[in-house]
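By letter and in written order, the chains are A, B, C and D; residue numbering begins at 1 in each of them.
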Amino acid sequence: MTDLTISLPGLDLKNPIMPASGCFGFGQEYARHYDLNKLGAIIIKAATKEPRLGNATPRVAETPSGMLNAIGLQNPGIEVIMNERLPWLATNYPDLPVIANVAGNTEADYVAVCQQISQAPNVHAIELNISCPNVAHGGLEFGTSPEIAAKLTKACVAVSQVPIYVKLSPNVTDIRPIALAVEAAGAAGFSLINTLVGMRINPKTRQPILANQTGGLSGPAIKPIAIRLIHQVRSISQLPIIGMGGVTTAADALELMAAGANAVAVGTANFSDPFACPKLIAALPEELAKYQLSDLSSFDLRRDLIHD
Amino acid sequence: MTDLTISLPGLDLKNPIMPASGCFGFGQEYARHYDLNKLGAIIIKAATKEPRLGNATPRVAETPSGMLNAIGLQNPGIEVIMNERLPWLATNYPDLPVIANVAGNTEADYVAVCQQISQAPNVHAIELNISCPNVAHGGLEFGTSPEIAAKLTKACVAVSQVPIYVKLSPNVTDIRPIALAVEAAGAAGFSLINTLVGMRINPKTRQPILANQTGGLSGPAIKPIAIRLIHQVRSISQLPIIGMGGVTTAADALELMAAGANAVAVGTANFSDPFACPKLIAALPEELAKYQLSDLSSFDLRRDLIHD
Amino acid sequence: MLTITKQTEIIPGIYELCLYGDITQQPIKPGQFVDIKIPDDAHLLRRPFGIAHVDRQNKTITLLYRVVGKGTAYLSRCPLKTELSVLGPLGNGYPSDHLMPGQNALIIGGGTGIPPLYELSRQLVAKNINVHHVFGFANQAAIFYEAPFRALGPVSYATNDGSYGYHGHVGLLLDAQFADAVSHYDAVYACGPKGLLMAVDSRFSKHPHAYISLEERMACGIGACYACVTKLRRNPDIQLKICDDGPVFKTNEVLI
Amino acid sequence: MLTITKQTEIIPGIYELCLYGDITQQPIKPGQFVDIKIPDDAHLLRRPFGIAHVDRQNKTITLLYRVVGKGTAYLSRCPLKTELSVLGPLGNGYPSDHLMPGQNALIIGGGTGIPPLYELSRQLVAKNINVHHVFGFANQAAIFYEAPFRALGPVSYATNDGSYGYHGHVGLLLDAQFADAVSHYDAVYACGPKGLLMAVDSRFSKHPHAYISLEERMACGIGACYACVTKLRRNPDIQLKICDDGPVFKTNEVLI
């Protein structure tokens, strides 16, 4: 029997695979397709203090082996999430660890949401989203400066009841100072990568396809960038990493783990195939067996890989 | 008859399509497959002061709709290029404008190569490569700081007999200050984008596939990032842009032009199909006709798109 | 997985695609759609298509689609026996339970909005509803499925260039020839380009059983990603998802 | 474009692929290779494969390949009649002009290095050269094309686990049973994994007509991108391109 369990701050997971934030709502829709208990955990859609309507449509466009999205953090706000969405998960999936993705316009927003959401009994960790490229305020700007990122992290860690994983942006010249600053500020771990900023233009109108003009690039197209950044952050920090970016198959998941990820989130692949996560989880034992492995700890060869 | 001509500093081209640097050598190999006179121009492989052996192999890896390369600027050095490669092009393709890609370890290297290569009669412009991610020195470090990029540009412009297009890196938090600095330093235009830093790991060995560990990501996977950066640079500068990144079809070329590119280079697509460039050029008139256009000037709708 | 059993280019650029498989075992409402994975790794997002015909006996559904971009071009080249990953039926579909035999329905469509209206019309006719169709096309050459629709009830055509039927768009044809439609028809159903939907939305804004079907770029297709939202007219702070709460909405319900 | 006219899994994981088309109109030397575009947009780089058999009469070439990754897995699922974009023949091929009828050649291969050696052996035998084959495999189950090779000349097998023929790798078999090979054979040809090539390279380093065929990850396949370089042994500052200057090199010529 393959042992897929992993243990990270706040997260004792039966397997390392979880849907990525924004690609799985609050679980209700996918629960119509399969039993969410198959998942290691679930990262829910970004929560903000107030409800958000998000950007105008069109909000998505396809790119080669990727997609752009500019949803703009649409979510029903912390109140509804605390009173309806999280309780729904707690009732229907009492054993499913939830990671809450938190975003905001200001530091005060982030702090308020972290404080409140970390008290939900089924929220086991927070993913601090300082890297959303699709909102005018409170997105990327928190994630591109080490000082600002550290200040925000510190303030959120101070009020949170659960460990905080800071979600880093790939849209930076050097991710390392940001990771180090966030680590020093008390982050329990990292989550990476968020989307890269991209654009498509409609050849007919010669205007951007997305109403927001730019959007976040996700999917297999960005996988090599995710691997590179995970590897780079692993080379300077021993904190746990939730890796993501283009993961579709069990082989992809192990490639990110070989680069230094301790758990793996699956985003865009859910859209291509709603059963992407359970299929990937089911394929993990066989994929591990290819390397004569029967658990994930032994797959952890990060030390070999640290020469950055 | 569709008029595909374009006119940029140093470059009066019969069409806007040219192979990208490093993806076409010095033309000799592709000349065995078709008449290079079909091309608008040719950007030759990076030239450095001394011959370079480049990195260890493996130097390339495939990624979804993309590829990584870590050639490491292998080239025969400025002497051989001046004495053999450029004369071969001048003899066999006297009417083919050449854009020389220049790289170096130090500012002095760049300056020396620019001075020398700009005197070759068939070199009509220089593409200043301050964005190669695959060399230990003289690659990205020149391209990530506005000050250093400007200083280098200024020094090269001072000695060059031909206009200089500075090739910008996508691996930065904000490309705009770099573009502005380079413009102020006297660049005639921009060339963008160079490759993004990526990595693949071999699942068998759990080591990076590339001997150099990281490589530059190119191909359709990066097209939305190229479009976004071209659009962003166009929003702050009216200098000509040679756009590149994932262009495979005539529609792709027009998409980059709609974003703000004045000419388009084709890199990775040459590997998928050695006839990529002539096919694309042949398809341009029909693609333009879809929009009732018969020349490229009228396609230039950049002003509509400037709201960044 | 559904299998391609037939694929024909019925007029230039428009394909009729028959898919065989278990999807017909479940209930399918007219106006619902399927979301198809293009079998090429570079294409991640599924493509939504209305279901034009359900044949339970032969276990097939029929789609009618126009080649507009890379995905549909790829689909049109897929040979017989290709297995396609098809998600669906998705969405809500057109309500018709209130209709009684002998009552009248008006079906309004244009371009590639026509496909789901065929299955709708078939099912209404099977329930002995009298169906009148009003269809808009760019020109005569763009018209497809004329005979199948005529077999179900009268069809009034409008073409932008006047090459067939009424000269002008569907809104003008409705004004000219269907002035009493609001009271005459017990149900109104529309699907087509935005201009057509807006014309129907305003003209039948108070009709108790008038429905329009919207299109939007989608990612998940099942209501989880918020790609395809539309705002409620009475309260634009409330957003509905076209893939899940729609694609069919009552007239005057959402902002289009 | 070449058309798939036959595709068989000859042993688990190894496929024999016949491609029909104009490629056979041009001269093809044994040891040359083709570079195949996987017909899926997500796969950009062509895959190089040695040419295992040229049948000019039927205008086909045969490849033998192992499914190792995504591209070969895709290829193995391509149905008959699939049209493939094939670049080639590429590279230099094995020199054999110096061989006279009645002379002796030693062909050494392992695993998926075997394919180009089959066409080589056929052409040598057609010129009345005596060919002896020495092949290494992981185990008996991995062996393919035994009968076709035996029809051309004797074959000595080495298996890593001893399940067939000599127990051990090819280098040991050469030492044990081909001690006088350097003088006995007028030409030596090798293709296979790196260990095998190193064994041949050192054992036949002074042989005037000993050749090895190298593999490397490629991008352009035609000498333009410098992806596939290898250094000259006598002067490591000079690099050759495996796709264009190779894949066949003389022993002792390059650093492997």
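The working rule: a contact is a pair of C-beta atoms (placed from the backbone, for glycine too) under 8 Å apart; a residue touches a chain by one contact, two chains touch by 3 or more.
Nothing here was measured: the structure is a model prediction, and the numbers come from that model.
Engineer: Of all the other chains, whose mean CA position lies farthest from chain D?
Structural biologist: It is C.
Engineer: Find the geometric centre of each of chain C and chain D from their Cα atoms only, then give the gap between the two centres in Å, rounded to an integer.
Structural biologist: Chain centres of chain C and chain D, defined by C-alpha means, are spaced 56 Å apart.
Engineer: Express in whole angstrom the distance between the two chain centres, defined as the mean CA positions of chain B and chain C.
Structural biologist: From the centre of chain B to the centre of chain C is 46 Å.
Engineer: Taking each chain's centre as the mean of its CA atoms, how far is chain A from chain B in angstrom?
Structural biologist: 34
Engineer: Can you list every residue of chain C that touches 2 or more other chains, as numbers and ranges?
Structural biologist: Counting only residues that touch two or more other chains, chain C contributes 41-43.
Engineer: Multi-chain contacts only, two chains or more: what residues does chain B have there?
Structural biologist: Expected reply: 64-66, 219-220.
Engineer: Work through the pairs of chains, note which ones touch, and then classify the graph as line, ring, star, complete or other.
Structural biologist: Drawn as a graph, the chains make a fully connected set, so complete.
Engineer: Considering the complex alone, what residue numbers of chain B touch chain D?
Structural biologist: Per the stated touch rule, the residues are 22-25, 28-30, 32-33, 45, 51, 53-54, 57-62, 64-67, 69, 71, 74, 209, 219-220, 268, 270-274.
Engineer: Which residues of chain D touch chain B once you look at their complex with the stated criterion?
Structural biologist: That would be residues 37, 41-46, 71, 85, 87, 216-231, 237, 239, 244 of chain D.
Engineer: Which stretch or stretches of chain D touch chain C in the complex?
Structural biologist: Chain D reaches chain C through residues 40-43.
Engineer: Any idea which chain A residues touch chain D in the complex?
Structural biologist: Residue positions touching the partner: 64-65, 220.
Engineer: Considering the complex alone, what residue numbers of chain B touch chain A?
Structural biologist: So the residues of chain B in touch with chain A come to 63-66, 68, 144, 171-173, 196-201, 203-204, 206-208, 213-214, 217, 219-225, 227-228, 231, 246, 251, 254-255, 258-259, 290-291, 299, 301, 304-305, 307-308.
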